[in-house]
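Notes follow once the structure below has been shown.
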Amino acid sequence: MRTRSSFISPLSWSFFTLLLASLATLAQSSKAGKSASSTGDSVLVIVEPTKQAEYSIFLHGLEKKGYAVTIRAPKADNPLLIEDGLPNFSHVVLLASDTKNFAQDISPQSLVQLLSLGTNLVLTLGLKQNMLTSLAPEFSLLLPPPATPLVSFFPERADSPSMIPIDVSRQSIPNDILSVFPSQVTGKVWFSGTAFALNSNPLLFPILHAPLESFAADLTDASGLVSDALADASEKGGEGLWAGSSLSVVAGFQTLVGGGTGHGADAGLGENDQARAVWVGGSSLFSDEFAKKQVVEKIQQERGMKVVENPSGNKQAALEIAGWAFQEKGVLRIDEVTHHKVNQTGLVEMYTTNDEIVYTTRISSFNPSTRKWEPYSGLKDLQLEFTMLDPHVRTALLPVKGKTGLFFSHFSSILSSSPPLLTGTYSTTFRAPDRHGVFKFVISYKRKGFTHLHHTLSVPVVPPRHDGYPRFLSAAWPYYAGAISTSIGFLIFCTIYVAGEAKEEKKSKKE
Amino acid sequence: MKAIIFLLLAAAAQAAKLSADSVKYSIISSKGEPNTKSLSPNEDLSSEVVTISQDQTLKLSFQVVDKATGKGVQPEQAFLRFYDEQSGEEGIQPVRVTSSGKAKFDLSMAKPPSSLPPSSTAPLKVTLLLGASSYSPQKLELFDLYVPASHPAPVHPDEPKFHLLPELVHTFRPDPQLPPRAISALFTVLVLVVPWTILCGLWFSVAPRVPRLFSPNILPFTASLFAFEYLLYQYWVDLKLGDVLTYGAVLGVVTVFTGRHALASIADRRLGSQK
Amino acid sequence: MSTAYPLPTNISPSTVANTASLLRIVAFGLISAAAIASRLFAVINFESIIHEFDPWFNYRATRVLAAKGFYEFWNWFDPTAWYPLGRVVGGTVYPGLMATSGVIYNFLHYFNLPVDIRNICVLLAPGFSALTAWATYMFTAEMKDPSAGLLAAAFIGIVPGYISRSVAGSYDNEAIAIFLLMFTFYLWIKALKVGSALYGALAAVFYFYMVAAWGGYAFITNMIPVHALVLLLMGRFSGRLYVAYCSWYVIGTLSSMQVPFVGFQPVRTSEHMGALGVFGLLQIVAFASLVRSHVSSKQFQNLLAISVVTMGVLGAGAFVVMTYKGWIAPWTGRFYSLWDTGYAKKYIPIIASVSEHQPTAWPSFFMDLQLLIFLFPAGVVMCFRELRDEHVFVIIYAVVASYFAGVMVRLMLTLTPVVCVSAAVALSTLLDTYVEAREPDAPEERTEANGSNADGKKAKKAGGAVGSQAGTAAAAAASSTISDLVSATRSSAGSPRQKGIWGADARLVIILNAIGMLVFFVFHCTWVTSNAYSSPSVVLASTNPDGSQHIIDDYREAYYWLRMNTPQDAVVMSWWDYGYQIAGMADRVTLVDNNTWNNTHIATVGKAMSSPEEVAYPILRKHDVDYVLVIFGGLLGYSGDDINKFLWMVRIAQGVWPDEIQEPNYFTPQGEYRVDDRASETMRTSLMYKMSYYRFSELYGGGNAVDRVRNQQIPKVGPTLDYLEEAFTTENWIVRIYKVRKEDALGRDLKTANAFAQGKKRKRGKPVSRRRAIV
Amino acid sequence: MPPKLSTQSSGNKPSLSVHTSPNTLNPTTSFSTKPSSSSATLSLSSSLQTLLKTYTTQTPPQLKFIDSFLLFLVLSGVIQFSYGVLITGFPFNAFLAGFSSTIGQFVLTASLRQQVNPENRLEFKEVGRERAFADFVFGSIVLHFFVYNFLG
């Protein structure tokens, strides 16, 4: 019974407390309408009009996913990216990788501003210097010198070395990074363009590595002797060598939000204005040519060689890459946060030191297939910090069992009109430190490929009230007794003193 | 959909393979005696293990040849790849190849090339990558190289925040421990008994008779005194300050009057008696 | 017997006494009126506003007390101060002041007088100044006679040294503390004279009030024991002393420990041990005298010698041991700074940085006390003439207080009352002597119209009457001191038979002279009060060329901007001087404030202010700072600005991070403190400098920008800010508010982000070696 | 007879503190004046005798009555103090309250004794016997208020 009450409470009052969150939720759900994206349907594709036809498959794929695609030529003046400080599109794809100069409003600064305004970007690099190559370093990308495409002689094939099939399935991905390519991306992905090295920046993570045998070089230059050129480049003072599987051809970038104080100027749950950017080494990855191009593979058989031609994975990979950028997958959100004392219900403005605190949060993720936000209990490494200057407590927020969840869901639907979602609830109980101050509940869940969850809620922890200390301690019995006996003695003394001075008279007579 | 073609003779039609032969390495330490060792690498894993220390130098030499004709070739790509399987760190070192296909590479740990990756206790797998247009490329596993361990690769200061962090617990101050109740009780009894017994003993001997204990002059005064002490006792138990002050004020006025009266009467008696 | 001028002979002593007391009452009413009125300059010149710094906290706390009641106030934890540590207000405040005005507030509202709490706070100090005058009157009356008392009351009523802390609006502890000080002393003297536990207990109760009201209670805690000890050493032990002191000490000490802020100090710290020691000593002596009454003197010698020596040795030993074991805290830094003026600057800059802790400048003695400072020694000498117990007290008080007043400016306050008292004693003795009508031998009588100073004269008449016919009638008027009075007048009247004053002219000259001095004194007080002490440093006043007053209201402009344009829970960082004002006027969260209880936190702010942007930024973010507020007087020539306080920030920060902040780096190689182009690199990159002079030179267009406080020329190319952005600057640039920028969305440091935003291209990088060998 | 004994004890309780302390001190004094120490103790004991005698004979019973109350307070104070020192003074406010209640009561009663003692009539001209008692009551009640306030 008591456990029940302690679980109902967050739901019953959270509904009132986190109005902001719920409003954000409404906004989100209304935005996540037709398309598979959680942040909006409108897509602006910037591409040379002549080349537009080369990407028909990709663009059609986007439309099939429910996106409203607008095409704009790089030099065209409209539609503008930003009008009156507001972005015109939810997503921008820049396929004009080799264009030299762009219209006025398409500049590195404006692109960065777009990101900070919450617009997602897909940026493709070309072999020539242009606006994007100067923008890339801001995202901690290390580009090779111009006109040095990624080449590889492996595997042996008829195509030119600069046209490389990359095996998606052989990508090694750490377990706490979202894998952009689901298992259904089969076959190899054709790539041709520049690869880039990644500086250490936790916001940036590789989506598609270059093959380990590949390297960036200009095989066509007349001076020949590529090997010597590479050797020179790799030496000290050289312009550096770009080679191997540490390079990436596709990298994802998640902008930083909620890094702030979580109150005052930057209050609120920050994930609304989080944006994503994807850097792709070459726009041809999205092209119809590569989407149609077969991959020739030899398979050793007991009876000699067997040559197999598979369709490439480009069509799917392109959509997956764009899908991640458009916040279809790996999108999380904190719906509400509640906290209260153990075995108590109701809103708490301040805790006393050593209180047992129950902290509960509800998290949901966006499901691109149903295009809805659904409660999400999949986070295994969610942590809660109780911070004053430094974290005093850091404990795991574990998902609450689904069964209880259902049980309470129907309870909560009775108690308050908050939606009966209990799965996706994470909760923990800990003891407030025995020092007073303004503490903050901090959830800061940052994983590469996922939306950053950042939520802070400050609450004062105060010393006990003057009557909050234990009284009538056994240790103090003698003192209590002493005080009381003194006053009793005083009373009796007074009584006798005033009541009877008869004898004293006698004395004074005697003297 | 999937088109499968059997070419039995297709193998003959493909380009000639590159390969490296006379692959030798020797380890030069400060005090000479280079023991040169040759090995014949192939595509699958090699069991060869090489260890060099801080003051040693690894000399590696080979010749890139056309496997069919056996004469030297100068490929575009002649890379040594150092790879740490544990940390996944990788380093690529291009090697200069002469037109005759001869190649040399020195790895001195005194001043290692920038391509050498950070190394832990695990060995670095050294692979030779050969690639040239119009030849089919070749990948040769040379040996596992043990080099002195270095610092791990530098990470961004915020990197830990993007992974699971260690849990923290607050260490609480210990509560003050109380003495055993028995002792407290004992002393309580002492405080109550010892002084009172003595007091009573003494007072029985010296205390005057109390003839006027209940005389109307005295009694109100004593009563109000008792009331006062009781009020204070109640304050200790469960009264708020405000109540006590108000009650106390009222009681104080009463006590003043009763007291004046009582003391006046006593004074009269005394003075009267002394006359 | 001849008189210098005719004395009415047909007046019955009772009439004389009654007139005297009536006049006394009237005079006293006038004095209180003057005392209150002269403190209202601040309200007249400016408005009914709370003054400078601490009063703002007291005002805020009082509002809480009035709104939520006493217990809530007692348990009040203020999360908006000392963010994020918070402040346990109930346990770190002297609640006497707030309680007082809270009581007044509730009292008035109980009678349906809806007075705004602010006006109560503003007018509390003037109101209590009248009570102070009364307490001083009582005290001095015990010293000499009521006429001297009236003089003293008049002095304390208008003397600048006391007005400086009690003008309307300076709602600070001292406002009521001085009254409590004087009244406690009066009760102590009374208790000592009468030897009644009643007065002792009353003194203890008011001592408790004093403890609850002001940290300066330690002055009483040590004055009374010293007095008692001196009396002991003078061989003046008496039952009265025992009764008075013991009843005061026991009740007073126990009650003082009820104040949460004081806690167990009275039994733990050395400052309070003197009182305890005297208490023990008195027990011994009293017991010894009891024994003496029972045994012959010779045996008594042995007993006394042995017992006293034993007790003394045991007591001293116990004290040493306990201090050594740490049961008794050694002297605190503030205490040491009283003996060694250089101590604070060396070890506790936080204390030294407070302006009112600086040693007093000589002129301020004259400014605050004027004529009294000359009468003061004379009065002390008078006390030596007839050395009764209470006179000993005044002498000790005079000596101690004048030393402390020399050490610390703010302790001038404790000196002022005794100066008034002894000056009054001196002056009234003078008047007594010269208004005294009897002549040694004067054949003829002179009539004389003596203009003013009615009270002194009439009072003297009363005294004279008492003297002439050793009056039972006047006993009512000059209540307890009658016998003393008799003896005094006798001696003064009886001795100078051969040498004395003849004729009225000499009298006239002296008296007129005295009156003249008094008149000048009054003018001086009025002038000082209206010009020097009535400015609420929240609002500044300057005079236009045409002489009219021009109000500079930048502080309130800035605080109001904060209140209106920033989120409720925004954290504002500023130097601690402005913490209370920000909390009070802007109602925003502050990092540090004038209750300087946590040196490290203040040092953190000091470090942030004195380090370069990129060092300061992590500190700001860690403390959730949203806005930074600095005071800059360079445009207006307002010298009390942060650049002038900057060195204190540096010193305090250096105290905690000696290897990161070094004071010398902020000076030029020649050791000058400059802000112009010759300023040191550290100085120019420091956050404080940048925030002060950001865009300062732009204000002068092409012309050369001159800082009118430092009188130095600011370089044309001003400092640039990457991590902060200017949010608001007041009309006269006195207050400048900066907003702390959020981290860059791309994870770059804000310097690079700014460079990019301004279109700077960065050079291409290349892959670097990730291997770092272990050396 | 019993009154004698009792008054003795009541009388020499205060003097006990004197009587014991020299013994503890003797070594130190003996350093200074070796010969005189023995005589000192001798005279001490003798003087104690006379002290008791004079006390029992000369003290009016009302004072004895007060003295016994003083003794009572001393005892309870001593016991509380020893408890505080030996066992625990943990609720320090309680200790202070209890202990200082006895101390304060003692001091106030001693003041009363001084004031009503016929020998110092001259000292207390303005404080008659009844006035003295009123003071005593007032002081005690104020004291007890603070004691109970502080008892926690």
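Think of it as A, B, C and D in the order they're written, each chain with its own count starting at 1.
Going forward, a residue touches a chain if its C-beta (ideal position, glycine included) is under 8 Å from a C-beta of that chain, and two chains touch if they have at least 3 such contacts.
Owing to the predicted nature of the structure, the values given are computational and were not obtained by experimental measurement.
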{"item": "From subunit B, the most remote chain by mean C-alpha position", "value": "D"}
{"item": "Best-connected chain pair, where connection means C-beta pairs in contact", "value": "A-B"}
{"item": "Distance from the mean Cα position of subunit D to that of subunit A, given in whole angstrom", "value": "77"}
{"item": "Centroid distance [mean C-alpha coordinates] between subunit C and subunit A, Å", "value": "56"}
{"item": "Computed distance of Cα centres, subunit D from subunit B, in Å", "value": "62"}
{"item": "For subunit C paired with subunit D, centre-to-centre distance based on mean C-alpha positions, whole Å", "value": "41"}
{"item": "Residues of subunit A whose C-beta touches two or more other chains", "value": "201-202, 241, 473, 475-476, 478, 480-482, 485, 487, 489-490, 494, 496, 498, 501, 503-504, 508"}
{"item": "Per-residue multi-chain contacts in subunit B, two or more chains", "value": "91, 114-115, 154, 158, 178-179, 184, 187, 190-191, 195-196, 199, 203, 207-208, 225, 229, 232-233, 241, 263, 266, 270"}
{"item": "Two or more partner chains touched - positions in subunit C", "value": "71, 747"}
{"item": "Contacting residues of subunit B [partner subunit C, same complex]", "value": "89, 91, 112, 114-119, 148-151, 153-154, 158, 240-242"}
{"item": "Residues of subunit D that touch subunit A when the two form their complex", "value": "60-62, 65, 69, 72-73, 76-77, 79-80, 83-84, 87-88, 90-91, 94-95, 97-99, 101-102, 105, 109, 133, 137, 140, 144, 147-148, 151-152"}
{"item": "Residues of subunit A that touch subunit C when the two form their complex", "value": "108-109, 112, 115-116, 134, 137-140, 142-143, 145, 197, 199, 201-203, 239-242, 253, 255-257, 259-267, 275, 350, 388-389, 436-440, 458, 460, 462-463, 465-466"}
{"item": "Residues of subunit C that touch subunit D when the two form their complex", "value": "194-198, 200-201, 204-205, 238-240, 242-243, 246-247, 249-251, 253-255, 257-258, 264, 267, 286-287, 290-291, 293-296, 299-300, 302-303, 306-307, 309-311, 313-314, 480"}
{"item": "Residues on subunit C engaged by subunit A in the complex (per definition of touch)", "value": "71, 74-75, 77, 79, 83-86, 88, 90-91, 260, 566-567, 569-571, 621-626, 739-740, 742-748, 756-757, 759, 761-762, 764-767"}
